Amino acid sequence: MKNLLAGIGLSIIAMFVLSACATSGSSDEGDSTGGDGAADKSEVTIAFQENIQTMDPHNGSAGIDNSVQYAIYESMFTPDEDGELQPLLATDYEISDDGLTYTFKLRDDVTFTDGAEFNADAVKANLDRIIDSEGSLNNYKSLRDVEKVEVADDYEVEVTLNNINSQFINKIGMLRMASPDALENDIDFGEESAGTGPFVLEKWNHGDSLVATKNEDYWEEDLPKVDKVTFKPIPEDGSRIAMLKTGEADYIFPVPVNDVESLEAEDNIEVSVVESTYVNYATINTSKEPFNKKEVRQAMNYALNQEDFVKVVKNGYGIVSDSALPATNNYYAAQEPYDYDLEKAKELLADAGYEDGFSTEIWGSDSSKDKRGMQFIQQQLGEIGIDVEIKQMERGTLSDEINKPESAEDSEVEMWYVGWSSQVGDADNATNPLFSSSSFPPNGSNTAYYDNEKADKLIEEGLHAKSEEEAAEKYAELQEILWDDAPWLFTAVDEEPTAMRKGLKGIWRSADGNFYLREVEWE
Amino acid sequence: MTGLLEVNNLKTAFISDDKTTQVVRGVSFAVNKGEIVGIVGESGCGKSVTSLSIMRLLKGTSGTIQDGEVRFHDQNLLDLSEQKMRKIRGNSMSMIFQDPMTSLNPVLKIGRQLMQGIMLHLKYPKEKARKYAVSMLESVGIPRAESIMNEYPHQLSGGMNQRVMIAMAMSCNPELLIADEPTTALDVTIQAQILELMKELREKQNTTILMITHDLGVVSEVCDRVIVMYAGRVVEEGKTAEVFENPKHPYTEGLIKSMPKIGQKQSRLYAIPGQVPDPANMPKGCKFAARCPHVMDICTEKEPDLIKDEEGRKHRCWLYQGEYEGGEKVDVKSSTGN
Amino acid sequence: MSETQITTDQTQFVETKQDSNFKRLLRSFKKNKLALYSLYVIILLLLIVIFGPWITPYDPQEANYDSILEAPSWQHLAGTDEFGKDVLSRLIVGARLSLGVGVSAVLLGAVAGTILGLISGFFGKWVDRVIMRICDILFAFPDLVLAIAMVAILGPGMKNVIIAIAFFSTPSFARIVRGETLEIKERLFIEAERSIGAKKSRIILRHVFPQTISTIIVYITMNIGGAIISAASLSFLGLGASPSSPEWGAMLSASRDYIGHAFHLIFFPGLAVFITVLVLNLFGDGLRDVLDPKTRD
Amino acid sequence: MGRYIIKRIIGLIPLLLAVSFLIFIFIHLIPGDPARLMAGKDATNDEVEALRTYLGLDKPILEQYFIYMKELFQGDLGHSLRSNAPVTQLFGERFLPSLQLSILSIGWAMLIGILLGVISAVFRGRWPDYFGTITAISGISVPNFWLGLVMIQLFAVQFNIFPAGGIETWKGYVLPSFALGAGIMAMITRFTRSSLVQTLQEDFIRTARSRGLGERAIIFGHALKKSMITVLTIAGLQFGFLLGGSIVVETVFSFPGMGRLLIDSIQFRDYPVVQSLLLIFSLEFILVNLIVDILYGFFNPKIRYN
């Protein structure tokens, strides 16, 4: 029977070795894990929280999909670190006087990695695919207003809109372009890639890693400067941190704010903090008693200590909200903050007839950070006699609960603790789905059921404004109304720390949560 | 003639939670070379524990030998180290048990179980051990021994398994074979065959056999001498024929009376009235007194000694203690009978 | 055979000694040192459950944003959490919740499983086959999948966690009780009872069920620990207790973000779960040795 | 024997059909709409509808089931709604790590568990037994995700001996397999002990003693093989569970295994993936049970396959 034990032992080892051999064929050398972090200068490993969902360049929904795809597929324009759009595959664009036709001039020296040429036809093929999807491709939202796409010249594309859209360039400019041949042949984007970007998809092990290698024929000389980039979804915060510390990962985000201090203490790690466009808030269902009273909503805002919110919930990494738009948005206009004032809050509640407070419910996801935020709100509102019950739901269930009711009357949500991230240059996306009366669920995320004609009109006018100035004016007015009406419990805008090994350069994170690594290199 | 095995004043007890239960209460007897001796008694009388004590097989139970001697070849087995004892077990002294079906390992092939002991004690290499095992199986009358080597106990009948047990026990030519109820679990016809086999062994190899049984029929059939045990003590001992003809102890008498007799129609078997006393709560005096038809005053006062009378019979009963005043006490240190 | 004879002899002696059964159980239980010490800890835990709210050093719900995430010190023996609440106080009041979930989930599962097992074992035939097949299927799913799916369907919250855990502990109770029932059924007196024409429900309730009780009790004890862990796991995955409640699993889940720099937030609630489950299991183990004659050595 | 196996496998088909139907209904009972989740919070209802149609989710549930089953019989497990990757590919990528982790976990658990169990049984009631018992019951009592977190803190963060996550090298398997195996080791210890204690009481052990065999030969040569039947059942069952991946341990260690694939897919209501995974799990579980039954024959000759 000792033989039996030995037998078990041996067969385990044998089985393991065998199965390990089977993997080693597909996995690369596996030496990227330099224990002490003396990293290979030709490779970069990036670890993040969310799983990569799709490599279809037109279907990325989560921020992480977009970021990973940008390494492989490029768009006509790309933001710089200040959030300004810079030409990438396009060299320039023009808007017709009526504001409806956009003409894009394209680079003429770019080919896709499958050999197809990048030109106006290629752009049209990409845009058509998105438009024809009628919504089944995620990027459809960016082209909602497009009437037609025409090839004007070999390297010139004309896009005509139904309506003036002051935010349009931010949307179309960011769409990723794939080889028209690849689109035609309906290739599996999870298996191979056909973009113009600095990297080429090498191997995607769903849920484990996505490896991209250097595009040897990249159109810009000297780029890219590393041979290989590995993207790794690491859901557990602690693991991600540990991987950075041990050098298994070179660049990680999100860095849980609680860990920033310990990372900063490390010699070979650098932490940078980006002010994001992610607004944290809780919607207040304005169609329901007692929230239909503005005083109640304002009272709630006065009762919430936003500074403590930042300190406790965000561990200090956040900026107190003073508008419905984040300060990073190009159309942001600061408002007079709701100071923490319990007396005033109680007064307002009393004015509304609720001096004894009331009970309510707050909904939110089951993530630990949302959990913390809701607990904080519960504690703070408790101070003015509002008894908040926390109802956490798994995200699918939550989305169902939110979107099931067809009208404000049927709605069940009272407060929803959530957040919203939008592009830096896009004020429409940061207001329309959240405050327009046409965006009540299931048509959008206006779970405050905020219904204000004037606001609706301003949202409309902002979108269709013919000039930047006009748009800015409309959005400023809108922000003023929103702030005073307080359909939200305003809290804070995230500051997002990212951390990397010292010596890594050329990779950066934008306010809207994407990261860009076209020029990534080791010092 | 010297005894091959001498048991002197053996005392074995079971020690559980917080109490000690004496099961073997000072047993003494001797077994001579070439003899078949039976130990007989009701269940619970301590006969099996006596046999296990002799082999020192109480491990795994709460039983402990508290006192006494087990002399085998004039060597006190109780003084030996466990290691030395192992060299004796299965070698010069071996044992077979009541239920052959449970006494063989159900998950090992018969061949393997047989060969283990042979390789251990006779130091035969594997091939030789195998051949020898086959010949052993044949010698106990097992047909197609070769193929049975590769079978498992559940594939054989009870009788066959008991033969296997005997082959196993006999494989190292033991001088003493202890058979603990070897036929109890078997059919009557098979019983006879097995007993026959054991007699044959004695004849052929002059093996000494100590037969533990509750069945006087078995005793009368094979044993030269019989020892009757009651409540952890020997109450009578003598040649089988003599004891059967003229039982001295009322308990022996009862036992014999309760035997079914061939050719004699009895509507009802005789049963000794009453119950075996609780070992944890032994009465004073003779342990059989409560069930004895001849009970006297003294019986409940004082326990009689085991004495040896002129005919060489031993018994433990006040009925005879007066008559045989000069009888030899044998409790403490017995010399051999006959 | 002599071996069995010996043991039967022993029991004979014991029985004749006119000991009450309970005393005997108590005596042999006392002999099991591990189980005995565990019992002491369980009693301590029960005291905490009963008197918890009165013995906390601080108000477990009182936030103090000026002393968040403090490491263990003399003021706060187990440190403070992300809201500055005293962890020790929360652990103390949380005992009620964590033990409560475990106990009620297992009891619920035991009741359902016992009923199914009795029916299955007693009626046999297709009833048995259908019930056991369903149990097989339920057994086939990985540990938490069923519970997660249940909670997703029912919605989160303590009550639903209890239902979910009860749901997936039902099949094992059903199996055990079925096995027992089959055995008991075979015993003569029930055959006899049936031939007299007693009603089936009466036989089950009066004769079969009482005999399964000791097994069920043992199994319940052994399962409470597992249920506490399951509840903690669900809470850990964010599907359990309300986040502000001091249920241990919820505390663990909340503190997961602080691994690396506020390790006490993970360590102490986990330790509380561990010790509680450990003593429950040690106790259950001892109880089984005493009550369940089949496994008694 | 061969016929027995074939018969058993054929007998599985109706069971699996029933299971597949139950699973299908079950996962559609879970509230949530994959189209809505994929479309994002800023999608209009029309866009969500378009996506739903595109994904084929607008059809009646029964029709969806029949389409799924039709494809299944053609050997197609379907495609992920989210990434459009074939389920077979997703499964393939996750299966191997899970298999390796399962083998390692069950492996060390069996080695240590049997050893501890034997020691406990042999020294029953003495301190090695107490040690074994406490170790074993600790293993059952510790929440494995907590054990994982504590080990990460200790071995990854403090001492940097093993990675905190990922499986680039063999080292990545060490901590997860420890966290996963602890409970199984405990169970095996307990079952080995109690089974061995019982076996050591059996008549044939006394027979072996009466033949002069030493304790070691008796325990390893006679008793353990009989006890292996129980141990094997436990280990087999646990292995079946392990193959399904462990949601919490994989989450804690960011281990790319089946458990995480499952929980991610459930979160996104990726019906084809969830459906196929659960079906595969049931199949695996049933197959493992079958293998255990067959192995029984090796350890217990009394079982015949007719």
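Letters A, B, C and D mark the chains as written, and numbering starts fresh at 1 in each.
Here is the rule we go by: contacts are C-beta pairs under 8 Å (C-beta built on N, C-alpha and C of every residue); 3 or more make two chains touch, one makes a residue touch a chain.
Computed from a predicted structure; not experimentally measured.
A.B. asks: Determine the set of chains touching chain A that also touch chain D.
C.D. replies: C
A.B. asks: With contacts counted as defined, which of the two, C-D or B-D, has more C-beta pairs across the interface?
C.D. replies: C-D
A.B. asks: Average the CA atoms of each chain to get its centre, and name the chain whose centre is farthest from that of chain A.
C.D. replies: B
A.B. asks: When the C-alpha atoms of chain A and chain B are each averaged to a single point, how far apart are the two points in Å?
C.D. replies: Once rounded, the distance between the two centres reads 88 Å.
A.B. asks: Please tell me the distance, in whole Å, between the geometric centres of chain B and chain D computed from their C-alpha atoms.
C.D. replies: 53
A.B. asks: List the centre-to-centre spacing of chain C and chain D in whole Å, with centres computed as mean CA coordinates.
C.D. replies: Chain centroid spacing, chain C to chain D, equals 22 Å.
A.B. asks: Multi-chain contacts in chain A: which residues touch at least two other chains?
C.D. replies: Only 236, 238, 241-242, 394, 396-397 qualify.
A.B. asks: By the touch rule stated above, which residues of chain C touch at least two different other chains?
C.D. replies: Expected reply: 1, 3, 152, 237, 256, 259-260.
A.B. asks: For chain D, write out the residues touching at least two other chains, lowest number first.
C.D. replies: Residue numbers touching two or more other chains: 30-32, 149, 152-153, 157, 201, 203, 206, 221, 225, 251, 266.
A.B. asks: Looking at the complex, which residues from chain A come into contact with chain D?
C.D. replies: Per the stated touch rule, the residues are 1-2, 4-5, 8-9, 12-13, 15-16, 19-20, 22-23, 27, 30, 32-33, 35, 51-56, 61, 133-136, 138, 140-141, 188-190, 205-209, 232-236, 238-243, 245-246, 248, 394-397, 399-401, 403, 420, 429, 433, 442-445.
A.B. asks: Which residues of chain D touch chain B in their complex?
C.D. replies: Counting only chain D, the residues touching chain B are 200-214, 217, 221-222, 225-226, 299-302.
A.B. asks: In the complex, go through chain D and note every residue touching chain A.
C.D. replies: 30-34, 36-51, 53-55, 82-85, 89-90, 93-94, 96-97, 99-100, 103-104, 106-107, 110-111, 114-115, 149, 152-153, 156-157, 160, 163-170, 219-221, 224-225, 228, 251-254, 256, 260-261, 264, 266-269
A.B. asks: Quick one: in the complex, what on chain C touches chain A?
C.D. replies: Within the complex, chain C touches chain A at residues 63, 65, 68-69, 82-84, 151-152, 155-157, 237-239, 242-244, 253-254, 256-262.
A.B. asks: Looking at the complex, which residues from chain A come into contact with chain C?
C.D. replies: It comes out as residues 236-238, 241-242, 256, 258-259, 261-262, 308, 311-312, 366-369, 371-372, 374-376, 378-379, 389-394, 396-397.
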